[in-house]
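For clarity, chains are labelled A, B, C and D in written order, and residue numbers in each chain start from 1.
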Amino acid sequence: MPEPTQPTTGDDETTTPAASPAAAPATTAGAGEHRLADPADEVTEINPGVDIAPEDIGVPVVSEGERLLEVDEVTLRFGGVVALNEVSFHINKGEILGLIGPNGAGKTTCFNVMTGVYQPTSGAVRYLGKPLGKRKKFQITKLGIARTFQNIRLFANMTALENVLVGVDAHHTTGVVSAMFRLPKHRKEESQGYARAMELLTFMGLDGKADELARNLPYGDQRRLEIARALATSPQLLCLDEPAAGFNPAEKAKLMELIRTIRDQGYTVLLIEHDMKLVMGVTDRIVVLEFGRKIAEGSPAEIRDNPAVIAAYLGVDEEDAS
Amino acid sequence: MSTPTSAPAARKPATRGFKERVDHLPRSVKIVLWVLFALFLFLLPLLNIPFITTEGSDFGGVLFTVATYVLVALGLNIVVGYAGLLDLGYVGFYAVGAYTVGVLTSEHAHLSWVVVVPIAIVVAMVSGVILGAPTLRVRGDYLAIVTLGFGEIVRLTLVNSQWLGGAQGISDIPKPPSAELFEVPSLDWSSGAPVVDLDTTSTFLKFGINDFVPYYWLALGIIGLVLLFDILVKSSRVGRAWEATREDEDAAELMGVPTFRFKLLAFALGAAIGGLSGALFATKAGFISPDSFQLLLSILFLAAVVVGGAGNRWGVIVGAIVVGYFPERFRDFADFRVLVFGLALMLLAIFRPQGLLPPRRTVRAKRADDRQAVLEEGEASA
Amino acid sequence: MQNLIDNFFSYTITGLTIGAVYALVALGYTLVYGVLRLINFAHSEVFMYGTFAALWVVMILGGHPGAGVGQVIFWVAMMFVAAMAMSGLVAVLLERVAYRPLRKRNAPPLIALISAIGASFVLAEIMGLRSRIAGWVGLDDTLRDYVRNSRNNAGLPTIIQPQPIFTIGGYHVTNVDIFVIVGAIAIMVILDQFVKRSRLGRGIRAVAMDPEAAALMGVNRDRVIQVTFLVGGIMAGAAAVFYMLKIGITRYDAGFILGVKAFTAAVLGGIGNLRGALLGGFVLGLAENYGSAVVGSQWKDVVAFVLLVLILLFRPTGLLGESLGKARA
Amino acid sequence: MRSTLKFAVPLAVAALALGACGTKGGDTTTPAASGGAAACGNYKIGMFGALTGPNANLGIYIQNGVNLALDDYNKKHADCKVTLENYDSQGDPTQAPALAKKAIDDKKVVGIVGPAFSGESKAADPAFNEAGLVTITPSATNPALADNGWKTFFRALGNDATQGPAAAKYIKDTLKSTKTFVIDDASEYGKGLADIVRKDLGSQVVGNDTIQQKQTDFSASVTKVTSSGADALFFGGYSPEAAPLIKQLRDAGWKGTFVVADGVKDQSFIDNAKDAAEGTIITCPCVPPDVAPDFQSAYKAKYNEDPNTYSGEGYDSATILLDGIAAGKDRASMVDFVKAYDKKGVTKQLKFDAKGESADIKVFAYKVENGKIVSVGEIK
């Protein structure tokens, strides 16, 4: 196998079968992260009843089950390193698609290609049938693709409400002149934006903390706030990058429920996740990457029985299943 | 171990109490207080309050200088404080504003002041866009050196271009149109107690050569307008976009913020306000030359913003007052002014890195951090 | 333009000499930036103190024109010792007083810049006020020659009389030119080897690459930072000697413009990259001279800054790319 | 009523201060004398210029001259001394207007020596003109200053327009230069002067360059000068740049004559350029010290050094104002007094024309010989 030449920095943690005990430190690292959260904090309850359906952002809405986004033979090279190798898969409207694979498999890189952070070396990402091309990151967001980050990247010195408002603002056009003279456009956008932001915060159970600075929120709330911020841009496709990192089983269960609720409110979800149990429990379909290649695709049940996946995932799977 | 942490905690409710008390005053009382405060500011140069009034230089003139610093600091705060762009060449825009006024009212044309000031603002704004468009794409650290270079290029161009008056500069810049409405007397304290002195007066809005008070009033009025502008824009989508960009540019971009466009906007607005202050300076001075736009001034401007607390408009005003006023008030230090100023900057950086009046956020964040620290300490000792 | 072509070698050699000084000062910026990610604004003063140390030691030793070779070598050696010691000391002091307290408090980079600006003012003003300060301690008479006219230029006697060694394209290359260029390159090679091979050098690279990992690996970060400042200061001291030999005159504010240029050189070459600093210094020195030849000396600085902007636009990481850690040296 | 009170109080305070001062000086000041001071005007003269900061040297040389004049006066008028009020502009035009206002508001100030530089003059003189407060500048040489129609403007030395032609004449006639290179420092003073020299020398100018103030490396200019084959170089600028410029030229083996103007005429040029300064020709519209030996010896006695650039002009400017005070003039009548003034000063015959320029201007040539600036006679 050519894997030892893989020079990605995350390589050290790559879970080769031989290194299965090495997965233990990874879990403790996660636990360590979690310890940062105030232990006294109660787990925030979400309010699934709040209507947070995406607003009309001027892109054609495809009907349930049709292709929303298509990754077509995407290859990405950094110098001599092949990060993605002719990866192809698609996401249907209204489904929850899991993107899994061991560390360094190229999951986040794949995300980055989809959201315009990297341009593919060859191949294309098509959204609603049209290639994303060289669109800038913010333009892709405006088309309806939003994401969260593996390592939380909130606007730390802004309040929770303001964080969400930035997301809502993605489809606003208030400029200096409108703001300066408080023109009707500004007032309309501010009040509507505020309403939507508060809905999202309420949905996430964060309405009581709207005025807290993002950096002062407990860890779990920060994760939820990131999702709220991404939802605020009214995406057709919501990409979640390891949202369960650092969560305990109870929190993970709540997260699964949350992801399902989000889908039920009319969003399509792409989920990158390490935790097999979570992925198996919530997704409709799963795509498995390893070393930049797609090695399997199918329903959770199919993936579970796929020998290639088992080979790739053995260590972690056992660890998590126990 | 708990005593040092509990002491500041005990102090905090007091300050919060004061703020709350002010906040809870009836609206009418608050308005009256604001009006009184504004009135006090307008009359300041005529009150001749002992100790505050500068001995070595005319107080009205000094206050005007301070007012231009405040204006500049408000503009630079948009760039540095809100958008997080380090600009070391802000004096360039100040010069562009001043020279636009000089060129259009004296050197090559004789347009009216009222027409020229808006032109100066626009020209400065355009120069901001021209500088920003190529450079705002480079990394933040480099922006500092590029803007530093810009400031020097502007000055050297002024020195070496005869069309702009060269080193001789531009003289005979006309005054703004005057409207002599009424006279305001000043106070005289020489007998120990304040006495109204009807001999020394300032005429309301008579822009003469020998009375700087009306220029100060003009500057104060403009500061008021700029402040209003600042408050309105900051509390809108634009202000949030700036802050998001400052906090995490990539994340902001991925949340749909066209960060480059907003950085350019901040740069252009900052430049426009810088140009406005320059125009004001040129109007009052009546004479400008490249000597008035040294690189050091850029650094003083930046110091004003950071000393006061970048990101907080009231803080940068305080910073501008410190930077503009203290060297004039303590003229006795004469030769040691710069030395003392340098020492003050260092001490401030070490002991009060958030600035004298940091954004309220930072204060709140710091309080939360302290709380966290107390918690952790408690846990550790438990 | 014709002038540039006719005197191409003259502009080139003299451009390289001043470029060598830029390069050595640029090293200080690059090292500190590589390790701390901050612009050591006060590094220009570190250089300026070096020029004074070089000057004073010659005054103390009674340096004069037309001395024998042995004597001259001794004086120049003492200039190096004094300037490197002085600049190294000032740099370390600067780190202690202006930067370390901030680091302990996790202050944002902007604050470090403000502290550096303050320190820069203080250092320059102390030199500019040295006659007054000497007066306080009653030494103004004793030290008269060293402190008088402290706001004005101070000149070094010509201890090495420039002698043409060989002629290239009509330009007589002098012993001073050769000494400055060769000396600067030699010093940089030594530094390159130091960073590459010595234990401390590895520490510097480790901290530059990843401070946290370096700390975990047992690298004492404070010590590495101190050494970085010291090394940067010593380089500035060497630059100061070359500067005094070539220019011969210094002043309390002589560091400022040179510092800005040197920082430009560092960015030009790729900040954090030692070889980039060398290249950036030479490129800047040449560009200034060629530019002065074509459009007039008054546009010298403009040429330098325009070049910087252009490079940043088309090659944002500088000519050789950034990073002290990643690049070999 | 109010105004009288307002005046009486500072007067009393000033009288007390004066009394105290007198006792301290060990003079025969008695209460009677301090009572007499009430009749005396307690006038002040102002010194406006850079006294601190990077440009302070020139200001301090002038101030020394002014103080010497004050000493002379106060020795003669011990019962009614005149004091000096300093307006330290640091040479910065931005600070000048507020300082001018301060001087104008101080009704005891009857005349100003200064402003020292042309830039600050432009910023401050309109105010002085409006207030009718006399200014006699001992050092601002920009010709255009006199063209503003300021009634209160007087200049106690020749302007660049008189010095420039003299420098050109010297280069042509005395040095017999055929190939002259001209460099200026882009400053108002340096460029103004150099442009006049360029014009007067015409086709014998073989090359031009402009440098920046505070520049230290002149290698490009040096190459231009040496490659032009010039036998003389005129530099319009100040000594901080002149010293490294000539030093680097000599290092490069250039053998021609270096010609500069009064901005370089100070000891620091020689101290810093050292041997390279030898043979430099300096033109100056100032009378050599040996013309006024008394002034020179008095200056040396007080300051332990020879009079420096513009010290004599400072002395003369102050003397004119002090003579006016002795003649009982106040601020308003001082203008006409200065206008009509015609006496011999230490630098020249002090007499002004209608524009306020010195009527009697002689330009002298000086030469650096053995580390000293010596006069080589008037340029006629």
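What we mean here is this: contacts are C-beta pairs under 8 Å (C-beta built on N, C-alpha and C of every residue); 3 or more make two chains touch, one makes a residue touch a chain.
Everything quoted here is computed from the prediction, not taken from an experiment.
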Chain closest to the assembly centre - both centres taken as Cα means: B
Chain of greatest Cα-centre distance to chain A: D
Centre-of-Cα separation between chain C and chain B, whole angstrom: 34
Chain A and chain B: spacing of chain centres that average the CA atoms, whole Å: 42
Approximate Å spacing (C-alpha centroids) for the pair chain A, chain D: 74
Chain D, residues touching no fewer than two other chains: 53, 56, 186, 210, 212
Per-residue overlap in chain B, given as positions that touch at least 2 other chains: 156, 159-160, 335
Pairs of chains found to touch, sorted by chain label: A-B, B-C, B-D, C-D
Residues of chain B touching chain D in the complex: 56-58, 60-62, 64-65, 156, 159-160, 166-169, 171, 188, 190-191, 195-199, 208-212, 281, 284-289, 291-292, 328, 331, 334-335, 337
In the complex with chain C, residue positions of chain B that touch it: 80, 86, 134-135, 137-139, 141-142, 144-146, 148-150, 152-153, 156-157, 159-160, 299, 302-303, 306-307, 310, 335-336, 338-339, 341-350, 353
Residue numbers on chain D that touch chain C, as the complex places them: 53-54, 56-57, 186, 209-212, 214-224, 226-227, 239-240, 243-244, 247-248, 251-253, 268, 271-276
Partner chain B, residues of chain C touching it in the complex: 33, 37, 39, 97-98, 101-102, 105, 107-108, 110-115, 117-122, 124-126, 129, 132, 260, 263-264, 267, 271, 296, 298-299, 301-302, 304-306, 308-309, 312-313, 316
Touch list for chain D against partner chain B, complex: 2-3, 5-6, 9-10, 51-53, 56, 88, 91-95, 97-99, 101-102, 104-105, 118-119, 122-123, 126-127, 130-131, 142, 144, 148, 186-188, 191-192, 210, 212
